[in-house]
Amino acid sequence: MTDFFAGIDPVRYGGPEADGDLAFRHYDPEEVVLGKPLKDHLRFAAAYWHSFAWEGGDPFGGQTFLRPWHPQDDMGRAKIKADAAFEMFRILGVPFFCFHDADVRPEGATFAESRDNLFEIVDYFGPKMEETGVKLLWGTANLFSHRRWMSGAATNPDPDIFAYAAATVKACMEATHRLGGQNYVLWGGREGYETLLNTDMGRERRQAGRFLQMVCDHADRIGFDGTILIEPKPQEPTKHQYDYDVATVYGFLKDFGLETRVKVNIEQGHAILAGHSFEHELALARELGILGSIDMNRNDYQSGWDTDQFPNNVPEVTLAYYEILRAGGFTTGGTNFDAKLRRQSLDPVDLIAAHVGGMDTCAAGLKAAARMLEDGRLEAARAERYAGWESAEAKAMLDGDLAGAAARVEAGGVEPEPRSGRQERLENLVNRYL
Amino acid sequence: MTDFFAGIDPVRYGGPEADGDLAFRHYDPEEVVLGKPLKDHLRFAAAYWHSFAWEGGDPFGGQTFLRPWHPQDDMGRAKIKADAAFEMFRILGVPFFCFHDADVRPEGATFAESRDNLFEIVDYFGPKMEETGVKLLWGTANLFSHRRWMSGAATNPDPDIFAYAAATVKACMEATHRLGGQNYVLWGGREGYETLLNTDMGRERRQAGRFLQMVCDHADRIGFDGTILIEPKPQEPTKHQYDYDVATVYGFLKDFGLETRVKVNIEQGHAILAGHSFEHELALARELGILGSIDMNRNDYQSGWDTDQFPNNVPEVTLAYYEILRAGGFTTGGTNFDAKLRRQSLDPVDLIAAHVGGMDTCAAGLKAAARMLEDGRLEAARAERYAGWESAEAKAMLDGDLAGAAARVEAGGVEPEPRSGRQERLENLVNRYL
Amino acid sequence: MTDFFAGIDPVRYGGPEADGDLAFRHYDPEEVVLGKPLKDHLRFAAAYWHSFAWEGGDPFGGQTFLRPWHPQDDMGRAKIKADAAFEMFRILGVPFFCFHDADVRPEGATFAESRDNLFEIVDYFGPKMEETGVKLLWGTANLFSHRRWMSGAATNPDPDIFAYAAATVKACMEATHRLGGQNYVLWGGREGYETLLNTDMGRERRQAGRFLQMVCDHADRIGFDGTILIEPKPQEPTKHQYDYDVATVYGFLKDFGLETRVKVNIEQGHAILAGHSFEHELALARELGILGSIDMNRNDYQSGWDTDQFPNNVPEVTLAYYEILRAGGFTTGGTNFDAKLRRQSLDPVDLIAAHVGGMDTCAAGLKAAARMLEDGRLEAARAERYAGWESAEAKAMLDGDLAGAAARVEAGGVEPEPRSGRQERLENLVNRYL
Amino acid sequence: MTDFFAGIDPVRYGGPEADGDLAFRHYDPEEVVLGKPLKDHLRFAAAYWHSFAWEGGDPFGGQTFLRPWHPQDDMGRAKIKADAAFEMFRILGVPFFCFHDADVRPEGATFAESRDNLFEIVDYFGPKMEETGVKLLWGTANLFSHRRWMSGAATNPDPDIFAYAAATVKACMEATHRLGGQNYVLWGGREGYETLLNTDMGRERRQAGRFLQMVCDHADRIGFDGTILIEPKPQEPTKHQYDYDVATVYGFLKDFGLETRVKVNIEQGHAILAGHSFEHELALARELGILGSIDMNRNDYQSGWDTDQFPNNVPEVTLAYYEILRAGGFTTGGTNFDAKLRRQSLDPVDLIAAHVGGMDTCAAGLKAAARMLEDGRLEAARAERYAGWESAEAKAMLDGDLAGAAARVEAGGVEPEPRSGRQERLENLVNRYL
C-alpha cells in the first residue's frame, strides 16, 4: 500500500456545474451515447511511463518530481510504484493501463535479470488487476532508453542487438499475453537514423520488416490474439524515424505483406510533428483499414518537439473522435493518455487533476462528435458534394479508360463550373454541436 | 526572333577563376566524370513556367516582370515567348526543357481551343528543338491554376472535372510524345484537400489511383515509352496533398499495382516542406526502386512555403548527387531547374546568371560526390558498420523466427556494447571532397 | 445599388439554438457584459481587402471568385464594389470597416490619378457611412502590391520611392481623417529584406524610424487624433520584416522615441508566424503599454504562411480576449476580421456566413473571458503564486543590490523548495468557463 | 593526469591535402588574414558542458557516454574531468574555454558547499591555465538544471530563489573574475514561462531587468571589466523565453537603461529556433551596437529543438563571419563551440575530431569572408544600390517632414521605376570566394 494519493477520493461525475478540481463534468462512464456507454466508447487507459517512471527531466534540467519510489533501481520500490499506479487507476476509474517493461521493473545487470524482474512485476500486477478490475490495453518493450539501443533495435547495425530486441519483445509480448493485454504496441523510437552518412537505409528497412513479421508469427504461435500495433512518429529522438506517419507505415506494411495483420496506434502529438492534423491520420488509417488505437495528448504547435500535454481543447478532440466514430469506434483499441504533467506540476493532486481534465475533454469531444454524426447534416453535405459520382455514367467512366473519359470533353460542351466548397459554413456547423 | 537577351553570348566554361557573371566555373559539359561527360550525368533542363510564364507575383503583390510576351493571352505573344525561351536554352547550353500546357499556350475559351493552341505551339517548338538540339525532358498538364481545378482534378467531387482532366492529360501526353519527351510528369497540386469536413478521402484516393492507371494504360496504347513520374509535395497550395512524400507515393503505387510502372520526380523544396532532407527522399526512392528524376532548387528552411530558389549551397547539393550516383545516375531522368528568380530580379541577365549559378552549383556538387564515391572511404565505413550482418549466423537469424533470435540472448552472454556512430568524423570526411 | 447579396436578410441574434447558417448564436450586440454591451467590447470591423478586393488567387492559381465589380480597374465598378461592401456591413451589423487605398479605388496612371480616385471614393463612402452608421475603424496605405514597392516603401533603396510612400500615406491619412477613422495603421509588408546580401539594414531601419516620426508629426499637424498603429509580422512576403513581432516593434519605437505615441495592431496569424501565441503578443503589448487593436483571424499552425482564416476555436479566442479585458478593453481599437474565405468558397452567402461564424466565435470567447475575469479564481491563483514578492523584505531586495540579495543565501538556511506551477489545474479551470 | 585522450597528439595544420581525421586543413592559427593571425580573429573556445558534463542523454534515452569522471557527484572525479578538459584544450590548441559552475563542480548539499566546491575547482584551474596558456573566454552560472530553478531564477515567483540566483551569479562572476575571464554570460533558459495562465509577465520582466542592473553594478563594484553578455534564445526548455532574440533583448536593454552596458552572445542554433538566420542576428546586433560574442554550432533546420551540432557548412559559416568582420571583428568576444557530439559518437577521438572539423569549417568560412571583404565587390554593389540616398536632396528629405517628401510626388513627374535587386548574381558572387 501507499499513501501517495492520501486524501484523494475516487473521482465521480458531478455534472457540468460540479465544483472543484476533482470531479468529472463531462465524463459519466455510464452515459449512453450512440447505444453504448461512454466508458466503452472511450476505453481510457493511463500510461505508466509518464505518470510513474518519468522524473520531470528535460534536455536542460533534471528530476523535479520527488516520489517515494525513487530511485527506480530497486524491486521493492518498483512495487511501491505499482501500488501508487493502481491507486491512481482506481481513483480515476480508468478501465485500462499501458506499460513498457522499463517502466515497471528495474533494469537488471543481464537480460535474464531484467526479464525476471519483469515477470516478478507481472505477478505483482495480476492480483491488483483482479482486485481493481483495471485491464491492460497494451504492453510494449522499451527499445530506446538504454544505451544499447542508441543506434536502433531491429534496425541496428549489430545483429546482437537485433537478437537482444527479439528476446526483449518476446518477453514483453509474453508479459502482455499473461496479463490479458488487448494489443501489443511497437514504437520505433530509435528505428531511424541520425545521419544518412552512416546508414544503410535499405538494409535497415528490411531488418525492420523481417522483425515485424517475426513478431506477428510469434504472436500467433503463443496464441496472443490481441492486435499488433505500430505507433508512427516522424522524428525525435532520431533525425528521421522509419515509421514516419500513417501513410509511410502503410507502404511499409504492404511491402512486407502485413497490411491486414498490423494496425496503427496514432498519437496526436506525433501526427502534429509529422505535419498532419490528428484527424487526418485517423481518417487516413480508417480508409486504409489500419486504424487500431490512439495515444491521446496534445502537442504545442509552436514547440518543435513532442510535448505530450494533456488534451484540453474540446473542438480539436471532437474532430478526432468524429473520425473514430465514422470508423465504427474502437474494437481492441482505446484512448491511452500518452500525456505527462508539465515538470513544474509537482503534486500528487496535479497528476489526478490532469487526467480528470483530459478525460473530461475527451468525453465532451466524443459526445459532440456523436451529436454531429447522429444529426447527419455534415455527412449529408459531404455526400451531396460527391453526388455526381453516383450516376451510372460517372461510375462507368471511372471503370473505363482515359480516351473514354476524355471523349466527352473532346466532343465539346463540357466546360465545368466549380461549386462552392462551403468550408466556413461547415466549420460553423461543427461549432453548433460543441 | 526576339532581342530579349540581346548582347548576352552563350555561356562558356572558363575555369574556376573565370570572371564575370556569365561564365561557368565548374560546369564543363564535356568533362568526363566516372566515365561519362558531365552533361550526361546532370542532364540539365530549364523550366518554362518559372522563367517565362511567371510574372513575379506573390500573395501580397502582382506582376514585377515586364516582358515583351505579356499579357499572355495571345498566340502571337506565346510565340515571342517561345523564341525567348529557346534563346535562353541556347545561351545556357541546357540539353533539355520542361513545360506545362498552360505555360506555352494561351488558355482558350473551350477545351478544344486550348488543345488546338497547345498543338499549334507544339508545331512551333518542333523546328526550334531541331535547330537548337534542345530536347524535352518532360511535359505535364497544369491541372491547378484555372479555377475549374480549385477542388482537384482527378480527385474532384465533380466527375465532369475528372473528365476534363483526362482530356487535358491525354492532350499533354500526346504533345509530350510528339516532341519526343523522355518522361511525363504528374504533380497533383490540387489533389488534396483544404478541409477534411467536406472531403471523402477514401473516394478521392480511389479516383486518383484509377486516374493514374488510366494514364499509364494510355501511355502504353499510344506507344509513349517515356517514364511516368509523380512529383510528391506535402502541401501548398492545398492544406494536404495526397502525394505527400516519397514514402506516401510508394504506398499509393503499391495499392494500385503501379510501383514498378511509375517513378517519382523529387523536388528539393518539396522534400523540405515534407520535413525531409532532399538526400533522404532520393535515397528512399532509390531503395524502393522508384527514383526517376529531380526538380532542383533550394527552399528557404525558414519560410514555410515553396520558395523555389536556385541552388547555391554546394555541400547540400553534393549529398543529393551522391545518392543519385549511388543509384547509378539518371536514365530517362535529369536535373530540372524548378527554380525561379526572386521577384526583384527584373533583368534578362538575372535569368541567365541565376541558371549559370545553379548549373555551376550542381556541377561542383556532382563532381565532389563522384570524388567521394570513387575514393570509397565513406562507403567502406558504411559497410564496416554493418559487417556483422554478413556472417552466416546473422543471415540465418534474419531468416529465422523470433524465438530463434531470442534464444541466443536468453542463453546468456549476449550483452552487446554499442559502437560509435562516428557521425562527426564522417561529416568531416565529406567536407574533404568539397 | 447591388443585388449581390440579394435574398440575404440582416443577421439577427437567435440564441444558442437558432437554426440556419445566418443567425448569431452567441453575438447579441446589446448583451451587457462587464457593464458594457458586447458591441462596444468587440467593436467588430470588416476588412475591405479580403472580402472585396481579393479575387481568390493563390501562388498556384488565379481568380476563383466572379464578382460584378471585376475587373477592378474602373471607377464605376469600384462603386459597385462599395455598394456591395456596405450592403455586407449592413447585413452583418458590424459597426466598423477598414480599408487600404488600393482596395477601394482603381490604380491610376499617375500618383495624382490614384489619389483623385481615392478621394472620389471617399466622397462616395461618406453618405453610405452616414446612412448605415458604419464607421471607419482604420485606414491604411497599400505600400506592397504595386511593383514600385517591391523593395520596400520607407525602407526603399530609392529615395523617390520613399517620397512616393510619403505622398501615399499622406493621402491615405487624410482620407482616414476625413472619414472620421479612429486609427491609422501601418503594415510594413515590404519593409524588410529578401537577402541580406543587398541590404543595408542599419540604413533601412533609420529610414523606417524617420518615416514613422514624420507620419506621427503629420497626424498632429492635420489634427488627426486617432491612434497610429504598427502591425507586426515576421515575414511573408519578404524573408524578414523589420516589424517582426511586438517585442521587436517595441525596441524600434524606443529607439525613435515613439513608444508612447504609437501602438500595435496585433494579428493572430502574424503572432503565430512569429512563433508566439496570440495571447502572448497581446499580454506583452499590454505590459509594454502599446496594445492598440487586433486583427482577428486564425492561422493554420501547420501551414507556414499567412492563412488568414476566420476564427472558429472558442477556447483559443477566449484566451485572447482575456488578455484584452485585463488591459481594460479597447479604446480606439477593435476586432478587425483580417480573414478571408477559402478560395473554394465561391458564393455570396459564404462571405456572410464566414463573418457570422467569426463574430459568434469572438462573442463566445469574450463572454467566457469575462466570466473568468469576474469569477476571479484565475487571477487569485496568479496573485497567490507571486505573493512572496509582496513582503517588504522582498521589495527591498528588489530595490537593493546583488550583494544584499546574495547575503541571505550566503548566510545559510535559504535552500528554497519549488512549488507546483499547477498548469493542468489552471487549464482545467479555464475550460470551466467555456 | 588522465589518459582519456591517450595516443592523440596535438592537432597541427597540415594544409588542404592533409590526411586523417586529426589535422587542420584550413585552420593555421598563425596565418595572417586582414592583418591579424587567424587565432586572433576566431578566438576559439571549447565549452566545458557539452564535452565534459553532458552524458549523452536525450528526452528518450539516458547516458551513452562512459567517462572516467562519471558519476559527476564527487570532487575527485571533477578534477579528473578538469584534467581531461585541459588535455583536450591542449590537443586542439584552442586559446579559450567557457564553463558554468555546474559543469565543473559537484552540486553541494547547500549553497555554501556548492560555492566552496566551485572555488576549489577555480583553484585547480589556475595552474592548468597558466601551464597551457588557455584562457577563460567566459564564465556563467547554470540557473536552469537544478529543480530549484524550474520556474525561473531572477524571474521566479519565489523571492528566495531570486536571492539564490543572486548569490549564485555573484559567486560565478567572482570565479570568472579570478580566472581573468573576458566576458560574463547570462543565458536565461528558465527565464520565461510554460503557460501564461500562471505567469505575471510584467512583474517577471521587471525582476529580470532589476537583476541585470544589479549584476552590472556588481561587476563594476568588484572591478570586473569584462563584457556582460546576454544570450538570446526563443524557447526550449520553456515555452517562451524572455530573451527571445536580438531585437527583443535590445528593447529590454533599452527599457532598463543597459543598451550600452550589456551586449549579446549570439548562438547559431538559437537564431534558427527564433526564425532568423545567424547572419541576421549578427548584422542586427552590429547595427544596434550590441554585438559581443558568438556561440558557434549548427542547428538541424528540420528538428524543432536545439541540436547544437558542430558546424560543417562552410558557405553558411562564411556569411556569419562576414557580418562579424564588417563589425570590426571580436574584441572581448570569440567563437565558442556550443556544440556537442551526437550521442552515438562514443569515442574520445570523436570529441577531438568534431572540434577539428568545426574549427576548420570556421577558418575556411572566415578566410572566405575576408577575401570577399577585401575584394570589395559585394560592398560596392550594396553601396551602389543605395547611392541615391547620398544626394543632398535625399538627405534633406529624410530630415524634413512628410508634406515635404510628398510634395515632389504631388507635383507630378515622380513615377519611380524599380531596379533589379540582383539577388542571384550576388549569391553567385559569394560562391566565388568559397
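Order of writing sets the labels: A, B, C and D. Residues in every chain begin at 1.
Just so we're on the same page, a contact is a pair of C-beta atoms (placed from the backbone, for glycine too) under 8 Å apart; a residue touches a chain by one contact, two chains touch by 3 or more.
On a predicted model such as this, the values are computed, not experimentally measured, just so you know.
Visitor: Across the interfaces B-C and A-C, which one involves more C-beta pairs in contact?
Guide: A-C
Visitor: So what's the Cα centroid distance for subunit A and subunit C, whole Å?
Guide: Centre-to-centre distance between subunit A and subunit C: 38 Å.
Visitor: Distance-wise, how many Å sit between the C-alpha centres of subunit A and subunit B, to the nearest whole number?
Guide: The mean C-alpha positions of subunit A and subunit B differ by 36 Å.
Visitor: Considering subunit D alone, which of its residues make contact with at least two other chains?
Guide: Within subunit D, the residues that touch at least two other chains are 64, 147, 150-151, 194-195, 235, 275-277, 302, 342, 344, 418-419, 421-423, 427, 430.
Visitor: Which category does the touching pattern between chains fall into here: line, ring, star, complete, or other?
Guide: Topology of the interface graph: complete, with all chain pairs in contact.
Visitor: Along subunit D, where are the residues that touch subunit C in the complex?
Guide: Against subunit C, subunit D makes touches at 110-112, 115, 147-148, 150-151, 157-164, 166-167, 169-170, 194-203, 205, 207, 210, 214-215, 217-218, 221, 234-235, 240, 244-245, 247-248, 250-252, 254-255, 274-277, 279-280, 283-284, 286-287, 319, 323, 378, 381-382, 385-386, 388-389, 391, 393-394, 397-403, 405-410, 412, 414-419, 421-423, 426-427, 430.
Visitor: Can you name the residues of subunit B that touch subunit D in the complex?
Guide: Residue list for subunit B touching subunit D: 21, 25, 64, 272, 275-277, 301-302, 310, 312-316, 341-342, 344-347, 349-350, 353-354, 356-357, 360-361, 418-425, 427-432, 434.
Visitor: Spell out the residues on subunit A that touch subunit D in their complex, using ranges where they run on.
Guide: Residue list for subunit A touching subunit D: 56, 58-64, 144-147, 149-151, 189-190, 194-195, 235-237, 239, 273, 300, 302-306, 342-344.
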